[in-house]
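Letters A, B, C, D and E mark the chains in the order given here, with residues in each chain numbered from 1 onward.
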Amino acid sequence: MTEKKVGIADTTFARYDMGGAAIDELRKNASLKIERYTVPGMKDLPVASKKLIEEKGCDIVMAFAMPGPEVIDKQCAHEASLGIIAAQVLTSRHIIEVFVHEDEVEHDKELALLADRRAREHAQNVLKLLFKPQELEREAGMGKREGFEDAGPLR
Amino acid sequence: MTEKKVGIADTTFARYDMGGAAIDELRKNASLKIERYTVPGMKDLPVASKKLIEEKGCDIVMAFAMPGPEVIDKQCAHEASLGIIAAQVLTSRHIIEVFVHEDEVEHDKELALLADRRAREHAQNVLKLLFKPQELEREAGMGKREGFEDAGPLR
Amino acid sequence: MTEKKVGIADTTFARYDMGGAAIDELRKNASLKIERYTVPGMKDLPVASKKLIEEKGCDIVMAFAMPGPEVIDKQCAHEASLGIIAAQVLTSRHIIEVFVHEDEVEHDKELALLADRRAREHAQNVLKLLFKPQELEREAGMGKREGFEDAGPLR
Amino acid sequence: MTEKKVGIADTTFARYDMGGAAIDELRKNASLKIERYTVPGMKDLPVASKKLIEEKGCDIVMAFAMPGPEVIDKQCAHEASLGIIAAQVLTSRHIIEVFVHEDEVEHDKELALLADRRAREHAQNVLKLLFKPQELEREAGMGKREGFEDAGPLR
Amino acid sequence: MTEKKVGIADTTFARYDMGGAAIDELRKNASLKIERYTVPGMKDLPVASKKLIEEKGCDIVMAFAMPGPEVIDKQCAHEASLGIIAAQVLTSRHIIEVFVHEDEVEHDKELALLADRRAREHAQNVLKLLFKPQELEREAGMGKREGFEDAGPLR
């Protein structure tokens, strides 16, 4: 089997190097090729992700962004998300969206920790999608959360 | 006639195993093939559903999610819904969306019951779409509700 | 000229049989083939309409729904509408959306009358689109309303 | 060079004959073919415009509507706009959206004047897009407004 | 290597010649072909950008607009953004959106300065995407802002 290739699409707008954290996590846990593509802002991610799939042959892509706290930022994140979903539906490949909103936590330090953890936990999801789908199936409906404590299943 | 194949796309984010409930309901009532595909979150469902149709040959897909109560959760659900509709329109196959919002009821126990019931009632809808479309036609305009009591027709 | 075929896509969620009313109105006024397809909810209408066009050869489709009064219902209606427009743009065929919102009037009886009248008046629109486009052109800018009194042209 | 063909897509819902005003303005100022297509409401405009391009060979289309003042009207206008943009992107042809919102001015008479003027000024834009693109380029960033006084460039 | 071609799509609605500023910045810093296409408003930008890519052979496009401060302006900007993302996903080419909202600053003079600076800084982004992608990668997660001071990385 040829080695799998993971695309990393990220932005210069974000205030934490989530792409770097994810690459570190992926490399620690698996042998695969990584292709990175950095763009200015989150609305550039849909086409960047599609190019990683079509032109660079990535099997799966991770798309990282850090939307600001204003109404306009939320709208941009919404537009970027819809574009990322469209790119997935058109290519039939996964693009795992890893967005950390600046207002999810109060302080910069927490935000950096959240961004790092979410990037790494989604990198683990990517590894499961590629190599261990049965692990995801075992966790179906278990209330998993990336970056925060798991909510857990209803009881 | 070859056996029909139903795809089950669900998430590790959800806090109840709706996919499992639907599979149980489908198996109790019909002989068909089932293909399950669990992804991290609800925005991964559109492409997961499309892959079930294109790569696994599913005749119909059920897509399960449990959006949280926050504004951002509602926005994610909206984006996922639009993607699920896009995947249907592009493949010309049904993807029955089974979303249970965490704030539809007050307590965890009720939520689990709602999720179970909605999953099963939509599994019944899937069976009707596959095998008994004339039953759906007889119920046209009858105010059916999945998971709650039917509203019934206007009088 | 072969007989025209009209698709009727409707839901079991709606609380009035708008599809039945439209079929009655169409049959009273023209000789055409009718294909009905009932689905559970309004988000199933885009693909149902596309299937009526592609698989059943319908020349035009009417898509009926009755969204509830809650915010989530409005969002579902929005998603369904966008999907219906997408299905039209992809097939280059009309899908006439006939939605009656539960909160357009106060009482159930009024709602039933509104639904019946809107269904029939849009059935008339379908007949004009199919057979008498010049009548629509004569009414351009005339403030027509389906289900309520016409607003009429500005004066 | 063969004569250019302009499509006019409008509605019976609108309360002013904007399509007629635009046709008058176009005919006064150029020699071209005009194809008109009137549909019931603004959500029918995306497919109507696409049909004008694909089936009637229009080089460019104008799409006219007059959304009402209610929240639901704004949502319909939003859906129609997205559909019109989708139809443009899929056909790679311009569809100039000419929407006049009922609540842009206070009185019916003003609304009729606004509708007439906006229709005519956008007809002029269509002529520039077809025959004098360099005029539009000269006006880039000049704060042009259709129907109202120009805002003019920042100073 | 053949010379790269940059498309400039802008509007007569905007109140500052951002397209001109970007062209000046591009020409000062690189040797490339530029194709300009001015349209009336921002909703015309998605198809204008697609035409620049498909019909004029542009390798990348910049799309400039200046949305007004009203709710309707925000909605138009949202629709234009979604269309620009769709055009990118369909063509697999970047269309760098350069929007300046009239209410981002208080006075006209500041707005002109902001528009000029954002246009030029995004022109620099375009040059990096075309010729120096490794520079963008070095700036990943660095909190870059176009038109304003950089936010910088979290610490």
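Everything that follows uses one rule, which is that a contact is a pair of C-beta atoms (placed from the backbone, for glycine too) under 8 Å apart; a residue touches a chain by one contact, two chains touch by 3 or more.
These numbers were taken from a predicted model, which means no experiment stands behind them.
Overlaying chain B onto chain D using CA atoms gives a rotation of 145 degrees, to the nearest 5. Once the centre of each chain is set as its mean CA position, chain C and chain D turn out to be 25 Å apart. Centre-to-centre separation of chain B and chain E, using mean CA positions: 41 Å.
In chain A, the positions touching at least two other chains are 82, 86.
Viewed as a contact network, the protein chains form a single closed ring in which every chain touches exactly two others.
Chain A meets chain B in the complex at residues 74, 78, 81-82, 84-86, 88-89, 92-97, 101, 122, 125, 129, 133, 136-137, 139-146, 151-155.
Of all residues in chain D, only 10-20, 36-40, 43-44, 46-48, 50-51, 54-55, 66, 72, 75-76, 79-80, 82-83, 86-87, 90, 108-109, 111-112, 115 touch chain C in the complex they form.
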